[in-house]
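Shared chain: chain A. Partners: chain B in the first complex, chain C in the second.
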Partner chain A sequence: MTIRSYLIWLSLLAWLGIPSSLMASPQTPIGNVVLTEDTVWSGTITIDGVVVVGRKATLTITPGTTILFKRRDVNHDGVGDSEIRVLGGVIAQGSAKQPIVFKSAETKPAPKDWSYLLIFTSGKKNRIEYCQFHDAFSGLQVHFSTALVQDCLFSHNLEGIRFGRAKLTLRHCLINENHIGVRFTRMEGPVEIQYNEINNNQVGIFLVPSGQNIVDFFEPGRTGKPWNEGHLDISANNIRMNSDYNLKLGAKQLWDLKITNNWWGIVTRADIRQTLFDQHRDPDLGRAIIEPTAPQTIVDAGIRQLPANHHATK
Partner chain B sequence: MTRAVSLSQYFTRLTLLIITLSFTPMAHATTIEGIVLTDEGPVADASVQAYRTFSDLQQQTNTLVSDASTHPGQYTIELAPGKYYMTARGKNQSQALFSYHGLNPITITDTYQWIPFFVLPERPAQCEAGYQGIGGRVLYKDIPLNHGSVTIYTTEDEPFRGMGVLTNSITEDGRFWFDLPPGNYVVIARQRHDDAAIGPLKKGDLFCYASANPIRVTPANSCQVDLLCYPRNDLDHYLDKNALDPRGKHLANRQDSSLQKTSMQDAGRKGGTADGPISIIAGRVTDLNNIPMPGMVVSAYPADDLPLFQMYVLRFKSNFLAKTDAKGFFRLEVDPGSYYMVAREKVGDAPNAGEHYGIYEGTANHSLTVGRGESKTGIQLVVEPIMP
Partner chain C sequence: MITRLLSLIFVGLMLIQNNVCDACVGRTLYVGTLQSNEGKVMSEMLALLINERTGTSIQIRSFETSEQLYTALKSTKEEERVDIIVEDTAQALSIAQQKAGTSPDQDFIAVKAFYEKELNVVWLNPFGYTANSTQPSISAPLIRKDVLTNFPLLPRVLNKLAGAINDKAFQALKKALDAGDKPKNVAKDFLKKQKLI
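And then the complex of A and B:
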């Protein structure tokens, strides 16, 4: 952050009546704190530990901000512990030219260096736009919350984005080079996943009941009843060139899921089926109902006005 | 008089009785009477069993059995004051009938009590190779329930109240499922008309106990079981239109001495034991504008073994629950330790849109620690409707 832009933001905050003390210092790592008031971040923020955005607070992240997460692993589970946990609200609106970047602070960054940006039981309408997530366990997790996620890049994470019960719109994002691109742990919604470019992950989209089913209060009965009717909309995406599967249903995902009008990178039905893991490969699973498929590439999919240097942000 | 169920047990008990009479004064026995009913009316030749422990019930040992009365379906049993797990059995033609009283263990005092039982067809658990766990249906008068909750308890969770190990919602078609590690489990469903997940059952609320309890889960085995329900303290609703009404002219007296007024601690365990004084966590739940929130459920989840906050912990069993009063205050008696604190509108289901929900924010991992005999007061939890 330049001195000039810092002073501009300082003036803006004063004009808005926001104390400058709530603006984090660019150099001071923060961690294991609860933000109890509205807070604005800009420049470079380094996180070492957990930052909680309290229920009465909203975290606003300005365009061009970089959030660095130091790797620490207190419980020795192989996943960096640093994270942002939002109970209140988060507004992270970058721009095509000035994306907001969340990534590892390590000199040799790697997936799982940090945990995630977690939006959990939030009562706000959260917005994540033109943000880039790298080196995380999951770049973004949304549970029991409402969020609009658009024009974001999820790359080089273990999981790009994971969500459970949520009111979620995920559109115009580029999700590539993760182990799992999109992981959804509840087959309910309303969830819209549209106009995304999901490619070159090991698994593009992974639909699986929660791995914590033993303590899951809401697993529906094993009735085979379609669970997503009118709730889960995965359409108009390019889901292609994912090395294991473009789409995979996880164990105990017994319900038929309608995932139509997507472009799978190939034309023939038999070839598309080769990129899917559903009842055709495991009779205990539900079916992925993919027809009709898009006849060609969805030209509007992916980040709008993708910054030319997005690979250089790593 | 009570009678033993087997000859060997009879002699064992006789020996114990002689020894006991030699050294202690004989305990005063209380006469307990009641009736055993199906929805068609009294069950002839029914019997009632009383057990000092659930383990005895489970193993059918040390069984105290009622004598038949001169009236159809009625029974009488003499019990020394104390707590008993009471069941009833009978037959309707060749169909075995069973009832586990919803207020078990029932406290017998030195006062006469009238204890009715609603018996239902026995339904064995069907276990076979498959997903490991327990599933099934919950039925009232053969119709699947479309709401309510099912709770799984271990056999160590006597008296099987509160949220147990796991609590699930019943699906719209009356079904439920639990993934479970191998073990023995007690399955109980409840349907409260106010849709609360905890608290005593009220008149007309349904109590549904699997006659196959406890159900044994073995590796890679799936068990299916039907839970049949009866309404708490609502004979009019339970009896079919053409059933023989057994109440007769002694109704008033029986109601006076029935269990209707028995209180039931159903909102979780209290901390503090013979090992030491209780520990207390107390405070207030408010909304974002500091307006007190009455009727919120405050739960304390053990956090001792977790250096970091983990979302899934909030789905585990919480032994310690309390509701906020009219001014939003709560008070929990807990064992000493660290706890994640949560306030929300209900328990037993995942958070949902519009529900008021909040987590303790005094620390970044949402936990607080309380020592033995210590009181942590002034704890504030802020809630708001989630998922707008």
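And then the complex of A and C:
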């Protein structure tokens, strides 16, 4: 059975609310299972495969919980298959002293060891607070859902966080040492990205419309005003020291984007421009409108009461 | 009867949901190459350009023989398929079992038509160099039609390399490889110098 067909049957079970007989004790790895009722996780949970949170269920994860993902790559695409797919709801509220940790179960962990915590077509208000994501393809993905993500650490993933059409607030997070820190694929919202510390990634923020739409729903020409006004607010962040670019517009991002009042780690406009990939590099792309910039470091950015064992660039 | 109908509707909905989900969460594309230095650097070039400009995950799969490469180009199995390759018109004429025409441009038109009709593979615009084999030939990226359907943006991205690598530039790439530089580094340096990434 292919992974896709397996997921289809798991999703079907989740949709219909049919209980699964594959539940395991916390000591035994959980995999290829549908949670059909409200579930609480604590302690250490090991996942080997796909865990689907069914439409009627909410997964609550208590402070101090560690969730380990075993690496398995059945289709040899270079990405570990273990994941949590939330169709119902998820409440993961750690604390500064007791964060919730999502990471690889491998002895030599590496980015892409596991897929992601995916919130997909959830009808509930999801909360992800004081969580840490490591070693994933994407630590967290949110699509067609509502989520509050705050005081989280995304580090050593291929992508820290990716989202598409979503009602999302991302604030007070530390996003560092990923290939891509933040990836946004829809430019629709409302989305607020504020008071985050985004540093030492290869690319800090990557704004790239999906290249997989068969039908292009975007308007055919540039309108002359910023595309994101009123539904995408990226402000009051420290976006700095990302090795390739602090901000990159991907192919098909043809419209200007307003991304003002952020601190880019440097003062002069010409130097800041060197850290951006937009129309100045490729005439096909839109412009990143960054002025006015913040005059200095946003002191309130990043995780509030950061755990003592992690060093943030301040 | 009603139960069966409802089940079918649910399965249909979930199929749609999972396909949509694939598009959102990201799918891996596979670039296929033979194990030559030239093949490696050009496949790295495509992989880097696609990944850097679209964020799509790319994996390069190497093959010992052209037969293995073309088998993968026809495969639908995730674990063995390739979606994109680099090919030149001389090799393509051999695959198509056709004789060379009076010019490389004529060969390009001939193999482009053959590949599209017989192999469901589309030739994009040529890179520009003509000196990759013992007779003059044209090299270009090739994409499966089914991939093109799901990733309509790819030609726009890959065509940024159209005409960007002339014979002199290609010889410089080969020289760097002969000096021991890694294909990925050589490709990345070239793309950065061209301001493509």
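A few notes on this one:
By definition in this document, the second predicted complex is superposed on the first by the 270 of 314 C-alpha atoms of A that agree within 3 Å, B and C clash if a C-alpha of one lies under 4 Å from a C-alpha of the other, contacts with A are read in each partner's own complex, and residues count from 1 in each chain.
The rule is simple: contacts are C-beta pairs under 8 Å (C-beta built on N, C-alpha and C of every residue); 3 or more make two chains touch, one makes a residue touch a chain.
Because the structure is predicted, anything quoted here is derived from the model rather than measured.
Of the two partner chains, neither chain B nor chain C is touched by A:G265. Once chain A of one complex is fitted onto chain A of the other, the partner contacts of A:P29 are absent, as it touches neither chain B nor chain C.
In the superposed model, A:T121 lies in contact with both chain B and chain C.
When the two complexes are overlaid on their common chain A, residue A:P109 makes contact with neither chain B nor chain C. Using the contact criterion defined above for the overlaid structures, shared-chain residue A:D81 touches chain B, although it does not reach chain C. In the superposed model, A:G49 lies in contact with chain B only, and not with chain C. By the document's definition of touching, of the two partners only chain B reaches A:K167; chain C does not. In the superposition on chain A, A:H143 contacts both chain B and chain C. Looking at chain A, you'll find residues 75, 120-121, 143, 212-214, 216, 252 touch chain B in one structure and chain C in the other. Residue ranges of chain C in contact with chain A, taken from their complex: 10-11, 13-15, 17-18, 21-28, 53-57, 59, 78-79, 149-154, 156-157, 195-196.
Remark: chain B residues 131, 135, 166-169, 171, 173, 175-181, 288, 306-309, 311-312, 315-316, 348-353, 357-359, 361-366, 382-388 touch chain A in the complex. Of all the residues in chain A, the ones that touch chain B in their complex are 32-34, 36, 49-52, 54-56, 74-75, 81, 85, 87, 120-125, 143-146, 165-167, 212-223, 225, 252.
Remark: chain A residues 2, 4, 7-8, 11-12, 15-16, 75-79, 115-116, 118, 120-121, 137-138, 141, 143, 158, 162, 164, 180, 183, 185, 206, 208, 210-214, 216, 250-252, 281-282 touch chain C in the complex.
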